[in-house]
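Sharing a structure with you now.
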Amino acid sequence: MEFSAKQIAALLEGEIVGDPDVVINNLAKIEEGSEGCISFLANMKYEPFIYSSRSSVIIVSKNFVPKQEIKSTLIVVNDPYLSFTVLLQEYQRLTALIKTGIEEPSFTGSNTTIGADVYRGAFSYVGQNCVIGSHVKIYPHVYVGDGVSIGDNTILHPGVKIYSGCKIGNFCTIAAGVVIGSDGFGFAPQPDGSYKNIPQLGIVILEDHVDIGANTTIDRATMGATIIHQGVKLDNLIQIAHNVEIGRNTVMASQSGISGSTKIGEGCIIAGQVGIVGHIKVANKTSIGAQSGISKSVDKEGTSWFGSPAIDFKDQLKSMVVYKKLPEMLKKIEEMERKLSKN
Amino acid sequence: MEFSAKQIAALLEGEIVGDPDVVINNLAKIEEGSEGCISFLANMKYEPFIYSSRSSVIIVSKNFVPKQEIKSTLIVVNDPYLSFTVLLQEYQRLTALIKTGIEEPSFTGSNTTIGADVYRGAFSYVGQNCVIGSHVKIYPHVYVGDGVSIGDNTILHPGVKIYSGCKIGNFCTIAAGVVIGSDGFGFAPQPDGSYKNIPQLGIVILEDHVDIGANTTIDRATMGATIIHQGVKLDNLIQIAHNVEIGRNTVMASQSGISGSTKIGEGCIIAGQVGIVGHIKVANKTSIGAQSGISKSVDKEGTSWFGSPAIDFKDQLKSMVVYKKLPEMLKKIEEMERKLSKN
Amino acid sequence: MEFSAKQIAALLEGEIVGDPDVVINNLAKIEEGSEGCISFLANMKYEPFIYSSRSSVIIVSKNFVPKQEIKSTLIVVNDPYLSFTVLLQEYQRLTALIKTGIEEPSFTGSNTTIGADVYRGAFSYVGQNCVIGSHVKIYPHVYVGDGVSIGDNTILHPGVKIYSGCKIGNFCTIAAGVVIGSDGFGFAPQPDGSYKNIPQLGIVILEDHVDIGANTTIDRATMGATIIHQGVKLDNLIQIAHNVEIGRNTVMASQSGISGSTKIGEGCIIAGQVGIVGHIKVANKTSIGAQSGISKSVDKEGTSWFGSPAIDFKDQLKSMVVYKKLPEMLKKIEEMERKLSKN
């Protein structure tokens, strides 16, 4: 896709300084741009690059006063960062439009209804008794089990697997390799030391605007549902166990895991490689630092936790500083003991 | 599937109080049930819900004496929890029966034999020289490499990948996205700083009744076999490196990892996000707490470990308590030093 | 495949002691070998096994002097371990040659060029505008998005997913289930507490001789590229976030993760379950112990780090030793305080 500076200035409601007919076909950082690229200057730390940038077009603030000559065409706007984001979204919207139609072979079970303008990649599988909304994109190698419902405008990237009975909302984006609805990890110990599987009959519910990262796994409930509420964003390689519930607009970074039946509140921020034990509640707006282990419920809203096991964030930082001095502290204790025994 | 209260009472050898012809078609928790659901009351903590429950049928103990009127039909049994488990298993057995037959297209290599009553999902791939047992379920997008053998009654969920030469036992359940038999991580450092791959020629052996969770990876041995013994249960996103051996009936929770050539004993319980170094042995019936790091062999049976690096479980809990007091301890030491220097 | 002792001796430039016509068809450890196997004796710890080994052929050093009768045929070489490695590589090269040709059905988009001697597994998908090199192996269920380029001699194992626009070098090996080019985890917080997706428009670049382990995920850059330089080896279940760069010949063990925009140097060794925060730089030849958390840049080359948060490796070992004594230290401090208060 190609656009002229003039077309972009119109989209961004900006003013052009330079050649309005220069053509751009790609986006780049200001320090990495080449001919045909559009870049932006928001953080003045990057100002030196604008004078040497090879990008064809650069978006700048109306407050920006150049100190040297600039070769690129400028588009002058109120907020260059915001304008660039608008541009990115427009670009993505246009590229997303490309995938449409039905590639063959694909498999659709009986009694399944599929909405308008759906993309079906080759080798994608949709079971029987499913309801697929409109404008859904089902990439190649996606598996949708029997009785699954998928809302409008949801994207299932290649190799997503959704077990039977699960419910996916509108405007969700599920990255490649994600598994939704696999059996929860439940086994009853037997007298001979072996384990008997506890049947996992529940489902997984994803509400609207949920994003799930690559190869993340979300187990179905033993009974009832594992529920991911509206606006939740999960990164890659995360584990969500059976009967977990995650509140609205909570975000979790990569490789974190939540054990069975735990309820996470709304608006929480959970960093990477965090582990949370089962059967607890974590209050709204809780922050949890990377690699932390949460071993009991967090009752008060808006608190910060860190460490394994996690304690108050600031207390943890203090203990971490002293931890490094442990060998020195031991020496001092021993010295003092010697002194005291002489007294 | 629909059943009458009468049919279910017969299965559970229970007595009906209420309408024997009421129909149920789903299972639900007592507090979440609606018309057509069957629930149970085992823990008396939940007794209040029985008086307002909208489930059509509720399984109760013969010792239960209602304090108010109950709208639902009751099935009275010796042990409601046990009866409900029986019901779950029966339900799962029936639903599992649904998937049979061959969906097309599927791919089968030459010289491969496939047993009776096998489900072959569309887009499933079975290579050449394989032996597939009876009553096996091979879901869509499963890959079975050349020379693989799969025992009777084993289930391969969507997108399971089994590399060539591996051997899978009877009654195994492999969840979606699992990779079995990928190359072990072995590289020989070269004088120029680069690494040369060490060929990985071994296989993976899963004995009978092994369950593997979604997106878990089990590498093939360099030579010989990575062996998962009978009755082992692995959760999601676990890493099992080359030449590892896991003893019978050991269970491992999500996101744990075992490094190369380590031997884990029988009946161990390993919590989530645990790491175990390579080339060690862990004795039978060892328990390991979440996020622990096991850096040396565990020789004695039946011990418990916790922390990174892991020490005795109870010692770790004691150290963890004191750890929080570190800043305070440092202050005390400094105060005492001042006092002592004045003497 | 079968070979005679004579054929193998010729390949290894070794001398035969025993029957030159004995046939081998498998490789085994000296203590596990059976008829038809070839083994080696390099570490003299294993010498006792050579006298009872049932392997048909054993590779030994020219310096080895038997103390008893040996039933196996010997191949005498300068360095038995090196010779065995050569043999392994030759074996793997031959077995790798087996997979060739096009299995059907497979899908290829328009305007895509594919080199000579490429293996296309059934149900593999290659989008439009791709360039696929020669001698590439594309196993079943592989997804290659639009506009992807793949170098010569690269192997994509079953179920690999490569999003559109990414560039893969020559002689790369990508294990089953790997996801390359998924959207980076970037969301802009909105005033109402929800998050808006930041479009991820960059790509992933893998240079030559890069190996990626099973189910590892590598996110595309927001803009520009996530870059994995030549000779990097990544284990299973690793997370590489958007805009990360990993220097030549760095190796990372399983379940480690690198957060967004971090640059890792060349020749680093990163153990398992390590977490590295975003927006930092890690110098060349840095070593990081298992389960460590790297929270700030490492500026000096060739240093070793350990712990969460990581400090100097040796300092960490010292603090870890003292950590176990914390309850005892607290007691001593309290005792001394009592003594001092009496003074």
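For clarity, chains are labelled A, B and C in written order, and residue numbers in each chain start from 1.
We take it that contacts are C-beta pairs under 8 Å (C-beta built on N, C-alpha and C of every residue); 3 or more make two chains touch, one makes a residue touch a chain.
Since we're looking at a predicted model, the values are computed, not measured.
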_Superposition of chain A upon chain C: rotation angle, C-alpha, nearest 5 degrees_ = 120
*How would the chain B/chain C interface be labelled, same or different, where same requires over half of its residue numbers to be shared?*
different
_Report the inter-centroid distance (CA atoms only) between chain B and chain C in whole Å._
26
*asked:* Counting only residues that touch at least two other chains, what does the list for chain C look like?
replied: 105, 123, 141, 159, 177, 215, 237, 255, 273, 291, 308, 323, 329, 333, 336, 340, 343
*Which residues of chain B touch chain A in the complex?*
27-29, 32, 85, 88-89, 91-92, 103, 105, 121-123, 139-141, 157-159, 173, 175-177, 209, 211, 213-215, 231, 233, 235-237, 248-249, 251, 253-255, 266-267, 272-273, 290-291, 308, 320, 323-324, 326-327, 329-330, 333, 336-337, 340, 343
*Could you please specify the touching residues of chain C with respect to chain A in the complex?*
105, 107, 123, 125, 141, 143, 145, 159, 161, 163, 177, 179, 182-183, 185, 187-188, 193-195, 197-199, 201, 215, 217, 219, 223-224, 237, 239, 241, 255, 257, 259, 273, 275, 277, 291, 293, 295, 308-309, 311, 315, 318-319, 321-323, 325, 329, 332-333, 336, 339-340, 343
